[in-house]
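Two complexes are shown next, each including chain A; its partner changes from chain B in the first to chain C in the second.
And then the complex of A and B:
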């Protein structure tokens, strides 16, 4: 059973193209109808009556079938189980039917669900809006991950009453700081009442400038009234002018129009383009994780932002801007899992004292993946450089950690991260040679080929293995009988048929990375024995060491590119992808292939896609 | 005759002001430095043209903005962490492109730029 759980995983992990579709009905008849038929089919699902999979009919049910059969939850444990290739062919039949139907008309617009600004977006937006350089979202709880695995997914960004109170407190604290700061007062547009300007008129003047920026679009007179009423109420309570303004602006920062990203519903049957202000917000929260700047607002006000050549220019400008580090840091930290380093996972202090004692080294390790990706985007380098590259980002401390001969590196290498051409046989190309990645795919005190293999399958190939079956003993539970090396311990683990199915695909990938210790330092010995970095996948593909693993991944880059594009699209849209979004992914992949996998082609392909620039109609 | 000449000069100036109205962007490339983005907005104003230079956080107004024939000059003063820089831009308008040179006078001990690098702006909106 466990072996079967890995049926799909095995095929995806080794990059074998899915088999040709077969008549999936035979599978349903053989494994499903005994429970799912008759007058009272299990779970209300009648396998005899469901129409063949397409994008138009029974998509919800087929999605459920796909998910449960893929996860080996169906057929259940006590029922006859299909062979791995039988299951794979069935999944291919369902998936292919739904996919081809969904993409009959190419990429199409999708839903744009309302979503709250997450903690990081809130902090960055407040910084831009008020010009205050403090962590306004410090006391807000961290947002979880949803959609394609990111904390900007609409699915998880709701607002509970308790959270609303925290936003209220954050707004109060930040505005009370801002009103005393000259730079913040200038950014807010504070004007003082005078003989010729009543307090109410001054408040209105402030609101006229502030409210459109806070709401990220022009506002009507009616929309201003509630906030002016707050100012008047504060005045009636004899608050001074500044505190009355703070009271008014607190209302603005608590408004759903500030706290949420939303577009008006599209009730019609036909997709419609986003207006330029909504597009400006969509772009800026994608590429900057913050509100639009003055130029985006101006382009929106001129009605020019949606024009392809203007969008092209703006994408380039936004990616070159330092503000894009917000996007890059958030995306890479969550995609690679490196955000957890130093939070949920810290290398062991006794084994890696340098990591614990040297704050600069910790920062360098943490920044390397994000700065690498930022450089990749700014220079329009190929996305495949993430798998392997002849350059990386180094500081002097990182170079020392990686065992480079500093005399052979450029003299200007210092504490600032710099792009460095890698010497031959450096073993440091792409993300797989980075300390942060290798540390988060290890335990604090030792490497784990299982964690690293799983990490590669999940983060690089987009094919996470299923969770281990219940009651499987961990490696540590047989410490007294364990042989010395990790490879030998895992060999015993794989001898158990319950474990072999998945681990024969996971472990070899992890073995290839065994030359890196739990902090990513190069090593040739483990537990006093030479490191054995060889691995063989079930399809017979053999490799030794990280360089050959990189070559293998590059040879099967299509899986990586599809996974990476899907994740990036989910991040850009701020929601999980639907079946129809896969058509946009197909179109972007085709553009990438035509343009040498250039990174800006990916970003531009996403922004230019109908799924990013249009809103689907809700009427059938 | 004098009135006619004045009227003609005013009309010519307005035509040029209308000609540059819009948003212009370009990149300044200097040796051993990352390319630097510059964006400007010119707009018709009463009696001529006004403008601003977009910044990372906020824009700066263009001062002493003059357009004579196809020639354009203006200055921008920026302040960062107490350091004031005055930039003078001079250039030639060629349809949807403006070729500018930049000179800098700094309040700090940093060396002034004279003559400065060339920047080619293209109109995007």
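And then the complex of A and C:
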């Protein structure tokens, strides 16, 4: 039955409670062995003979089983299908088995694949390197996302021919601007030739200072040669000194040593720590989305950066710096999906004229989640403030949009974003009170409890519902009469066994947020009728309105914390997580709960984790 | 320089017409026709529409040469004799997986993509347009031109387990290289300009520069591990192809290639299109310009990414967005709006066809010397169905395509057979393409 394709993910049951082994085996016997056994088992997978899941045995095979059964791709459509709770128990048996004992030795280092700078990182790096305040990467193609959902995932940063052309053009354009700008010349370290300094010697001096910064580590004499040769070639073509320098530096900015982050392979059998320069880059591309600054380079050259106290200091300094907005903006925009606001998703001009006409309001709405998270990090507030908080970030325009009485707020507001203690019953705590979030989880012209519910499951709890099963008869096809309201229609939806499995989890969450319109403004009526914001989850938990939903999410914060930590770790590592990385997530979660979920504990936990600071050996 | 030979500037036009008149760019500003008859090349463009069609209003009435355009295809009335509307095509490789990504990413490869959030991204094929580009791309400054409207989508789709990268690319130059798209018309224009009017000195410098970069990259390669080398090799290969282009411009001053019409004096398009409709038109103008000048002979264009939820409330009679309407659940009102959106897309296609037909090339015109394809990867968007895919081919590909018909094929005929026929028409008769069996019969002359 299609109903059962919607198995899995209840809000409650994703703990790692291991089901009795007999149940797991019984599932295999009942649903799998008819194809997956005998001399020629389907897909080479013998469900009768495979050893029970553990951290060591057949992990690849078991992770395939996990993925396919979870996605309801197995058992196949034409075979008997397990009931939803049967499926869940089986999944937690596999998952628990694979996880048990896996972390006996704590977190282990993974691979550090080479990756190119993405568009935002390229722009920020050029800005820092040349001190030019231009969007050098504006013409580069946008990058897609992979792994934990971010556009810095190594595996997804592919190389189109267009990119080579764009790198060439961006380098030329930016350097030709920089060479005429005194601040940029100073940052590049332009040395003028003189009577005592030949042009060639001056070029070498420039390169001696510039190249280690561009490549983010000390460089050898051999590595300088190709660029000095470019300078010489330009001189032979009778270009003047400045233009010869530009020609030389164009080569540097096209070099893969500049465009890519890479570490030499670790051929040994055991993990080894990254050297301090590699660590400096890893830190700065995590917390700033840009190259290391002078301080990080200095600490690396002294060989001190890896020391725990030094790292602790540096993390604090980096988070307090304005440059961490690069990281925060990129992370929140992709985690919450708010980056789509104003792109594919723009609130309707007729319904929300002020959104379309007021550029300042648009910017305030767009910035609120990032500034909130930046403030949260800088003040070391708990991560759970993202679910609910007694403060938020407001500007005058945002406060007006949210219906606050400006005179009653504790601070006077203007166009600058400020941290404001929220009055009781403001309904604006955490990310679920933010216009950007509420807009991207709606249609441009109306709210959708289904979209909002799905958004919360996916973004907040990291437990997205599977897609609707194919060829389910739609509501209207077997409806005699058309129900009047969205709630009635969705109620019928949930009464249909084909849909209930998922929609009984999705819809109540969405209904609790119905007090916010498609731009996140508060409402008590919708189309002349009072908003009905009540809902009951399959486990019986019932609630009304966004505040009770927040309380419910807080009471079940573990799911959120795991999902959030995994995402942040994936972002920090610039790659998708593997099964092995879960030990690192476990360790970080343990630290978090010991430290009252303080946000800097999360960042520090990630940086101090072996997966961040070590590189796995490639020999078995 | 005789002024009359060059088109009017946009400002001149606006001054003459009264400032309020918003002229579609290029309407009056297309470059002059080529001065003397040079044999015309054959071009290939593919326009991708997301989210499928209202199937009840798509298929023509009748079949073969005797067919009547459906309501949705009405905007093509003026091109009835220049189009082929093949029926009952189907993309077998994309039948499983999810409702959108698998189907969209594979529309030009006819292969089954790897299910992944990022690691092991693989289309398992090269797209038909890129096969064509690999064959004829060396003859032009740009081997192909990939265009779109929406930037790369954010995030991964956890619900179905695919990275959204799959939903943003139809052109694959290798199984692991989805080609990046340009979405800014001004950037495309400047790129065309540079391609059409290269300066020999620049090209020489550039060849030298890239040569050194390649040398440096090879040194780095030696320092890397096996897996990392593969990624760096991809970089080496794109820099090398840039270098080769620069070298050939430097060596012969581009004697082998000349723009078929001059681009100089054509007014650049605006930096920021005012809305979606203008954005689409400008991108189509860029394809027309690229084909007219011969800057490239192969182009793909995406009206939107898979699952595009672009709002169509600005279109008369429509109150929602495209993806929303595609899940019509047989609701009459939603179906009506779905069809209006489909028809608008077809009208944009007709706009491009009109531009190309009006661009004379000796006795013929650019449209006659092209194959311009319009398609979606789904037929009914509500059920994510692929039976009887909506596809239209326009233009005679230099006399190779028998247009003016709507051939009826057996149910679930391989789409790859059409691609095989198109490649044959493009002068690249392969034995096989993906899961093809033979070129689609009846459409090659």
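The rule we apply is simple: the second predicted complex is superposed on the first by the 586 of 620 C-alpha atoms of A that agree within 3 Å, B and C clash if a C-alpha of one lies under 4 Å from a C-alpha of the other, contacts with A are read in each partner's own complex, and residues count from 1 in each chain.
The rule is short, and it goes like this: contacts are C-beta pairs under 8 Å (C-beta built on N, C-alpha and C of every residue); 3 or more make two chains touch, one makes a residue touch a chain.
What you are looking at is a predicted structure, and each value in this text was computed from that prediction instead of being measured.
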| item | value |
| --- | --- |
| Three-chain arrangement built on chain A, chain B and chain C clash or fit | fit |
| First, second, both or neither for A:59, with chain B first and chain C second | neither |
| Cα-centre angle that chain B and chain C span when viewed from chain A, reported as a multiple of 10 degrees | 120 |
| If touched residues of chain A are counted for chain B and for chain C, the larger one | C |
| Contacts of A:293 with chain B and chain C, given as first, second, both or neither | first |
| Touched partner set for A:34, first chain B, second chain C, both or neither | neither |
| Touched partner set for A:454, first chain B, second chain C, both or neither | second |
| First (chain B), second (chain C), both or neither touched by A:595 | neither |
| Chain B versus chain C as contact partner of A:302, first or second or both or neither | first |
| Smallest separation of CA atoms, chain C relative to chain B, angstrom | 28 |
| Residue ranges of chain A touching chain B (in the complex, touch as defined) | 128, 131, 187, 293-295, 298-299, 302, 304, 307, 309-310, 313, 317, 320-323, 378 |
| List of chain C residues in touch with chain A within their complex | 98-99, 116-121, 143, 146, 150-156, 158-161, 163-165, 168, 173, 176-184, 187, 191, 205-206, 208-210, 212-213, 215-217, 219-220, 223-228, 231-232, 234-235, 237-239, 241-242, 304-305, 308-311, 313, 319-321, 324, 329-331, 382-384 |
| Chain A-facing residues of chain B, complex | 23, 25, 34-35, 37, 39, 41, 54, 56-59, 124-125 |
| Footprint of chain C on chain A - complex, ascending | 67, 71, 111, 113-116, 139, 141-149, 151, 153-156, 158-165, 168, 222-223, 226-227, 229-230, 233-234, 237, 247, 250-251, 254-257, 259-260, 262, 264-265, 267, 333-334, 337, 339-340, 343-346, 348-350, 443-445, 454, 458, 462, 464-467, 470-471, 474-477, 575-576, 618 |
